[in-house]
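The same subunit A turns up in both complexes below, where it pairs with subunit B and then with subunit C.
Showing the complex of A and B:
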């Protein structure tokens, strides 16, 4: 930058010489000063708008689920809370999003008159096709996550990480990061999340969030580099 | 006031400052780094329910139990079955990579028929009908005996079904693949009176003397042998390896004797000489439980003094004497033979000499010794087959391979003689050949002769799972399920010390339009009608298997994956033998008193000797190595497509060859381009070649890599038994 400014001054110097010293070169600088400041502010403000408002919206594509799902309604029908459908298998592995086989017991035929139910039965149940749900909380393949370790051993409840999805009556829009393919639920929806501040554990689920909680709950600092829990706890 | 460049610069600076204070650059940087860790084109296996299934490996005779992990319907991992009496959680490289065989693109996906040299898919009904029509025609023409079969194993229900079909139909020409077990079983029959199989109690032996057996290179039951040898080291049991080359096994031995190949029998007889002349044998055994000792002793003392043996074997007199003494004085000595993985039966002379060596120390049926194991599993008996008149007459015909005939009355099966018999036009030509669980074009010695013989057979039917060399030559393929897709009993022998049966179960549903070979046999028999159909009254193979095993075994097998005969107890020699005189019969001296089987070929033209060597990194039998094995084959064995042979630096200097040089390897049976690898661990004058390469078929990971040992080495009929006793062949190696 300084080089550019120096050049600028040199140029003015030459002009002055050529005109025989008739003008005060200092006046030109003062005259432009207001604009320079204005332009700085415009640039500054515009890029703040782009960076804070436009970019986050551009970064995520909005995707719809195959059809809507009412968690609250289902919660009323089952006895065992979340685990009624999102259960642990006998061997301790976690079943995750229910497979079609779990749903057909009730949904063999169309129940009620919502359009979503019709889509479900006609497009999936009768054709024996699994529903390609988009999973808001899906961690990438390089992360090993065990529900058993968190829910069974550390006795955490679902809400801590997943929020109050179980009480929702419809599914939120699935926002996918165009670069990473992550769900926005992992990265956080709100501006403060981008600022690395968050109120609830469930607001964001990136690596630092896992590490922070691990440090808090276990006190382990097995990784010398990060002084947090060891990398291989999750990256097997 | 003027808007000049400074304004725009200022705008830029403002924008830059604003962007820096916004999340954009930081978020993009972070996202880009995450993106590089999750490239969308990196395949990610789908998640799902984990299912573990117990089954049995059938890729070698080792008899390991396997635990197959599936995610939903997909096999993702094969591990050793924990608690299994053979492998207790261990597995070999071949077993580990078996999922690659299941998902191989070279699976045969439906019955196919060769039409003008091209494969055409046909229906199962048509495929089976083609066979039964042919078989009916041949029977009507009085040519039932011209139907032949080459099958993988002797034990187990599939093999029993084949034997039954051939008996009911009326052909004596069903041949099994042979191995060292056949030579052993013959020796046990001759000396102990019944055709049993040997069990070797390595777990309790304190001195093991191996005549070229690749104890950790795939001999016997490979995974059990890894453990047994490791355990021997811990117990500080001594292990001596007699082998012309420093194999992995030899490298692990306490003492390695690099013998001149082919003279192992002489060394065993030399050791017997030491034991006899110094009276180091079990006196009570010899005096009370033996027959023919004096004649045998006389022959050995006259013919095999250590001085003579030393000259022939290249092992010092002193070493022979010391080894003989040490062996005889050990508390639980054990001698074994069967070269490499024991894929070639070997000579009667050698097996008998090694067995006598064991007998003289009194280890038969004893702790740490050689046990007589039942030849087959105890199954529910099937009703006797009643061959009809046509079959009864056809069964009177002599076997084509000469087994059980005038020349080789003691042999059970001699598939290695088949090519020679067909090519010399002896016997009635085979009209129809079944190939099941075997790949004779690859595994039988003298590939060219085998190909020629098979080409002369007008109709060949293969039951292969993968497009192997023999399937390629067939006219019709009725593909069997892969072993991970089918039920099958797997009785295990392989030198174990308790009778074990494993059960293979379908861990996944058959992926293609294939059929269990057992079902194909039953369908063929039932379509042939009359007495033949009567002998096969089962609804399908599974019912046959269930009935044959009996409820108790079936239940145990489906639950645990294996069944062990808990009641089995080896009979110690003190309780007598099964021979007529209840004694141990020393082998006829005449059968041992002759020069050992030699390598064939003109010594002038072929001054070197080629030997084949086995390793755990390559599958040398009917099953082709999956890609994973090719990956772990070192450059000193296979360099890109080139086979690398091993020679001693002294031999290399004589031939003017340097490490990695290209050369032409030639034997009386074939020739090919190779590269050489120099190694001090091989006797000068020898060329060693890895078994398991040089496939012409299978997938692109295997086909065209290296050369097949069988294309270079021909069979040598053992004069005493007829079994293949080849251990090598004369060869030449010249700069290319």
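Showing the complex of A and C:
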């Protein structure tokens, strides 16, 4: 059994050995170090490219909506603005994506000559089938969200959280996370989101984004564990 | 700008055991309301899940002095002796269970839970249950599940939430009218409403206008294992002394004690 002191001496011995033998090969060692550094940098850059540029594209599959929808055109047709189609029910719940009932009054028959309208009328309206819209902002099952709290109480506008879909002339491509099945809008589309430099609230809507705004706006620290909002504020 | 803080609430129950007939309607209502999974064979009570469970107590006396009492047991939503120090919250290594000072409700986030089951060991009331399997619903029943309560998966712990989703719904309704005021009726648990005998009363224990406020001060009120200091939010009422004694640990010959109450 060796004592701690013995160990120390052994280590010192090795060091002097290496110093003594390495005098004339000093230059090659330095060159080798340069190569290692170079390979490290190349490898690091390559994994950054893979991780930030290639992997996100592999991670998400692109899905089309059943047909395109033009918000700008419809805002000129309806009487009641956004609320003609996205409205609150009497019990405070939010209707969300419109049902066929909000469309049939105008779309009993094909009015124009766009292919989108033809698909809509022939495949859905005449067969009385609801349109299987993909919802960009859809959160996981365990999340509770309240439009009433944000729109009625906090007086926030739709653009803050949804961006400019309401004024757009066509729907964006829906991207689905292949692993979780969640929409990419939650994780965010841009490189900035990975680097945690998001510019608009709507760019990303993960748990920390919700919680950060809540802490700032409401100042509630009612959770014993996290000193933020209690989990049951946003979960169910 | 910080919004004005709401007065914190302390939701709780008072269950009148003299009214309870043991019919089990509360258990059924709870299962249906909260998407609680069940199996074809539920005879093994060690692996079945019942957020609300009715226990049968007897006074152990021979006929004709035999008496029976049924005791419904939801999660007791312990506050502990200092705020939020409930047995399960303090042991959870995953932050999956939490105490909310605004409502006094102990929450359980299933997606966060990794199934270590410390909380089940810590809970003195057996109110927590483990999902040994993924739920298997009889054909067609997935379509009948409530979208307001997220379903659970294999390997996580679940328990009674005081039907918290109904509080969320009540708040939504109030927010729509641009107020925060929620009436006593707007938030009631499924078991409370299902009880045909009206044995369960639910409300804010700190609100003088709620029925539970008065009832919990009844001289016949007691809480389960009160002397442990769990400071639960479920009170029971019974005029029978043996029932009140059955609610706690008593040494042979020890008389009924008046436990110290933390909140009045």
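Assume the second predicted complex is superposed on the first by the 197 of 236 C-alpha atoms of A that agree within 3 Å, B and C clash if a C-alpha of one lies under 4 Å from a C-alpha of the other, contacts with A are read in each partner's own complex, and residues count from 1 in each chain.
The criterion applied here is as follows: a residue touches a chain if its C-beta (ideal position, glycine included) is under 8 Å from a C-beta of that chain, and two chains touch if they have at least 3 such contacts.
The structure displayed is predicted, hence computed values, not measured ones.
Legend: residue contacts after superposition of the two complexes on their common chain; A:177 is shown touching subunit B, with no touch to subunit C.
Measured by the number of subunit A residues touched, the leading partner among subunit B and subunit C is B.
Of the two partner chains placed by the overlay, only subunit B lies in contact with A:46; subunit C stays clear of it. In the superposition on chain A, A:153 makes contact with subunit C only, not with subunit B.
Looking at the shared chain after the overlay, A:222 reaches subunit C, while subunit B stays out of its contact range.
In the superposition on chain A, A:140 contacts both subunit B and subunit C. By the touch criterion stated above, A:81 is placed in contact with neither subunit B nor subunit C. In the superposed model, A:93 lies in contact with both subunit B and subunit C. Subunit A residues in contact with subunit B (one complex) as well as with subunit C (other complex) are 91, 93, 140-142.
Here subunit A touches subunit B in the complex through residues 1, 4, 8, 28, 31-32, 34-48, 50-52, 55-56, 59, 89, 91, 93, 95-96, 140-142, 177, 179-182, 194-195, going by the rule given at the top.
Those residues of subunit A that touch subunit C in the complex are listed here as 88, 90-93, 140-142, 144, 146, 148-149, 152-153, 217-220, 222-226, 230-233, 235-236. Subunit B meets subunit A in the complex at residues 1-19, 21-24, 27-28, 31-32, 34-35, 37-38, 40, 42, 44, 47, 49-50, 52. Across the complex, subunit C meets subunit A through its residues 1-3, 5, 8, 83-85, 89, 92, 95, 98-103, 105, 107, 109-112, 148-151, 161, 164-165, 168-169, 171-178, 180.
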